[in-house]
């Protein structure tokens, strides 16, 4: 390529390409092939194994700052459960969670024609952490006497079917800290033999993988990547899949640029050596 | 004397806080807390020093009609508006509860959410572009060390996304990019950072001691 | 023969009654009876002692014990532990805590300092309590030394002693060798180049507050840089993100100009406070680079995510860039994008190195020898653990 | 027009103004840059006042209360509020040449106090704890763990040696320092690569804002 010096590529070319490869998957999701990792696959299968009509619990222990990673998990789980005709009871040990869960429940309930109080219930937030978890082991209605809207649980048909964890086929905990998955595993899973699944941020996930190994968690979604895999499995690619598309392509693009830069670098070095020119001043790395 | 008093104060304050670490007695701890609180207030009270500097530099520009003085005008006026919305003392008497308050829904909050937050967030996100341009121009195989930097960066970059998983699919587990990423982050990365941290810690302590003992004093400025 | 059969069957049933086969003992009904009538096993090894926290009012006593044999094992019957406190050894006293199963320690708060207390701990299964384990007397005291921090004190004192020793050595005129630090030689070169090009020098002292030692280290380097800039009569722009750092920088630069014999060249408008907000500051510094075109950019101090914004914008303006920070997370970006980078401790070494003032070199020597001690301790630790001496970690455990 | 819509549009335009800097410096970026400096200056001033100055100085000294509780004029609490207030005030003495040197008292307390405060915890967390974490068992070389531990120990010792200033890096010392550099470079590369993901997420976040919240085309 005469007259075109790779070393002098205007960085605006790089910027434009980055801009395009981030925006494009958002506009046109391309669903790059993505391997589903075993913890996600197991979670999906665990939900599939729950007989229709059973009750599952969605325990959301997160706050708005981790929404980009965790909200797609909540949405996919609710979609998965509604599609399989499972009934959902949601609880929260974090004060900020109930409105976020509500954000996911409302549109999906409309989409699947589910009725509040019959097919799903948002029990809202209860302070106390571990104490609340143990209280639920004895009696869920006594621990959450009202739902998120202040309605006594006695007035909700779904809650008449629920006494304690014996009536819950599976618990999905979405957590970004403490109290969260660790407490659910230690206080609830071991004591009441609950089938427990979890979704956490990428930063928080590593210590929980051993729980999947030991079977204390039936599955685990780690970060945006876990969320994206789950979205693929429930066949409803959303924010997470789009985000992962962009991530993959940007990473590949940067690697491509690095390789390109090195090709140019060696070509130039060879040319210089041929000319016998002095070595150029290099930046120190 | 003008030099000695501040140095004596520095010494006393420094020694007290140092000793406080080893003495659990609650009165000593309480005094330490009080001193820290004082520090916070001194810093908070200092903000006008900076704002004063900002006002001086920009109003000079405006007064002399230097190039870009219009932007200086934008800066100063928006600051004044922010102050007015945030602290207008007559607000409680006035008809508009959105002024003189920093609560959710107030004008102050609105300006913060729709100007400060997006502007700063976008400036932060410029890093996505710069990280690419920096990698392009600086990651060259020009020396063994530079090659290590380059290779470990590429491995980790790819190992973190599904693409990396696909690229090394079918290989034994310990040759896959995600596994290598994990290994690099856990071993060389940790060893190096631990070493740098320990070295820097010794630097901090030596510097702190020099400050307390008054050997290092240039930050206090001139004699006058 | 006829009489033998009943006798045989009788003796078999007697034997069976006396020595039941293994399978029978675990039969459900039998063990359930046992579970309902037997109290859980008692806790063992109960100890009570003064609790030493870092804000010691002498009002806490620390208890520890070994779990009941029926907690997490055995009959799995423990529902909670109950802790009782009294002022006489044989009294039941008042219930001060009920704890979840799996708990083997408790800090009792709210005791009166100087009073002797006795403790009883029972395992409880919902109906029955185990026999109580007892401990005492224990007294809460207000302590003057945090014993768990002794290793910190010992190492700190050793370090101080070395720093002071080398400082005195230097003050007496002993020549202390310090190896070349490439990045530091580049600082002077950079200022020189800016002078040749007739363009200003940009010095960013980080975005740390003045309580960050990195900022102070940066201000001492600034004092050196300002002297060179004053001698070369090159404008020096210092943008700051903290008010106090700005006013300290003003003092430092003004002083340096005076020392260099050019007090009139000092321009107060070049020491600027821009913004406390991280990215407002970063944006404004980028603006300065684009418009005032400094030929040398020095970033020395505490930096966070803005590091790469500076370094890449500075590269675009073709400035020579020297960076230095002890914030490890930002070093990769400076190393990648700048011409020279001071890594971690080199930033602290810089002021001593640049000034060549013997007193400052003492601190550098002190930390060098501390490094030798640290390396020796680590090697010793590796050897000791290899020899099967597990205490090593405990000696360095502090609170 | 509702405030939310105006706000979103304003935020979107400002976002684009900042991105225009990637092309080159231009009046839109200059506007955005000066705007954010002004807004954040005002913001900090107000927040500092409400969060620090008012509750810790102004209220106790002038309104004689801390939180909701009344305090005594001239009492201990009153003085404890007044002294830091005065310390803050004497920072401004530098504008009056005759008493300018007084401003260093406040700086002395602050810098001295925090220098002292830093020393021991740094020794504890960054030296002692790291020694404990760094001295790993390396004797079990027949297991993978033994080798990785050896790697960690050698890397740590090498890095520490690199920062040894008292001797020239020659011989054994030079060899160890070179190992240190190898580890440092691999570590830096890894950190760089590891950060790409979160930085790209930030950009995705802004992009989602533009395309979804503002234009509503996604």
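We call the chains A, B, C and D, going by the order they appear; numbering starts again at 1 in every chain.
The working rule: a residue touches a chain if its C-beta (ideal position, glycine included) is under 8 Å from a C-beta of that chain, and two chains touch if they have at least 3 such contacts.
Note that this is a predicted model, so its numbers are computed, not measured.
Asks: Highest contact-pair count belongs to which two chains?
Replies: Counting C-beta pairs in contact per chain pair, the top pair is B-D.
Asks: If we define chain centres by averaging CA atoms, which chain lands farthest from chain C? Would you check?
Replies: A
Asks: Could you please state the distance in Å, as a whole number, between where the Cα atoms of chain A are centred and where those of chain C are centred?
Replies: Distance between chain centres: 31 Å.
Asks: Please tell me the distance, in whole Å, between the geometric centres of chain B and chain C computed from their C-alpha atoms.
Replies: Measuring from centre to centre gives 19 Å for this pair.
Asks: How many angstrom lie between the CA centroids of chain A and chain B, rounded to a whole number?
Replies: 30
Asks: What residues in chain A touch two or more of the other chains?
Replies: Those would be 11, 15, 18-19, 22, 247, 250-251, 254, 283, 285.
Asks: Would you give the residues of chain C that are in contact with at least 2 other chains, written as numbers and ranges?
Replies: Chain C, residues with two or more chain partners: 149, 152-153, 156, 159, 210-211, 213, 216, 244, 247-248, 251, 274, 276-277, 279-280, 283, 291, 331, 333, 335-336, 343-345, 349, 364, 371, 374.
Asks: Could you list the positions in chain B whose residues touch two or more of the other chains?
Replies: Within chain B, the residues that touch at least two other chains are 21-22, 39, 42-43, 46-51, 54, 68, 116, 119-121, 123-124, 126-129, 131, 133, 135, 137-139, 145-146, 149-150, 153-154, 157, 160-161, 193, 196-200, 202, 204-205, 207-209, 211, 219-221.
Asks: Considering the complex alone, what residue numbers of chain C touch chain D?
Replies: Answer in residue numbers: 149, 151-153, 155-156, 159, 176-179, 181, 210-211, 213, 216, 244, 247-248, 251, 274-277, 279-280, 283-284, 286-287, 290-291, 329, 331-333, 335-336, 343-346, 349, 364-365, 368-369, 371-372, 374-375, 377-382, 385-386, 392-393, 396-398.
Asks: Provide the residue numbers of chain D that touch chain C in the complex, in ascending order.
Replies: 18, 21, 25, 29-30, 32-33, 36-37, 39-41, 43-44, 91, 94, 103, 107, 110-111, 114-115, 118-120, 123-124, 127-129, 131-132, 134-139, 153, 156-157, 160-161, 163-169, 184, 188-189, 191-192, 195
Asks: Using the touch rule from the top, collect the residues of chain B that touch chain A in their complex.
Replies: 128-129, 131-133, 135-143, 145-146, 149-150, 153-154, 157-158, 160-166, 169
Asks: Would you mind writing out the residues of chain C in touch with chain B in their complex?
Replies: By the definition above, chain C touches chain B via 52-57, 142-146, 149, 152-153, 156, 159-160, 163-164, 167, 209-211, 213, 216-217, 219-220, 223, 240, 242-244, 246-248, 250-252, 254-255, 258, 269, 271-274, 276-280, 282-283, 291, 305, 308-309, 311-312, 315, 326, 328, 331, 333, 335-337, 343-345, 347-349, 351, 359-360, 362-364, 366-367, 370-371, 374.
Asks: Under the definition above, what is the set of chain D residues touching chain B in their complex?
Replies: Answer in residue numbers: 3, 6-8, 10-12, 14-15, 18-19, 21-22, 30-53, 56-57, 80, 83-85, 87-89, 91-92, 97, 100-101, 104-123, 126-127, 130, 133-134, 148, 151-160, 162-163, 180-197, 199-200, 202-203, 205-206, 209.
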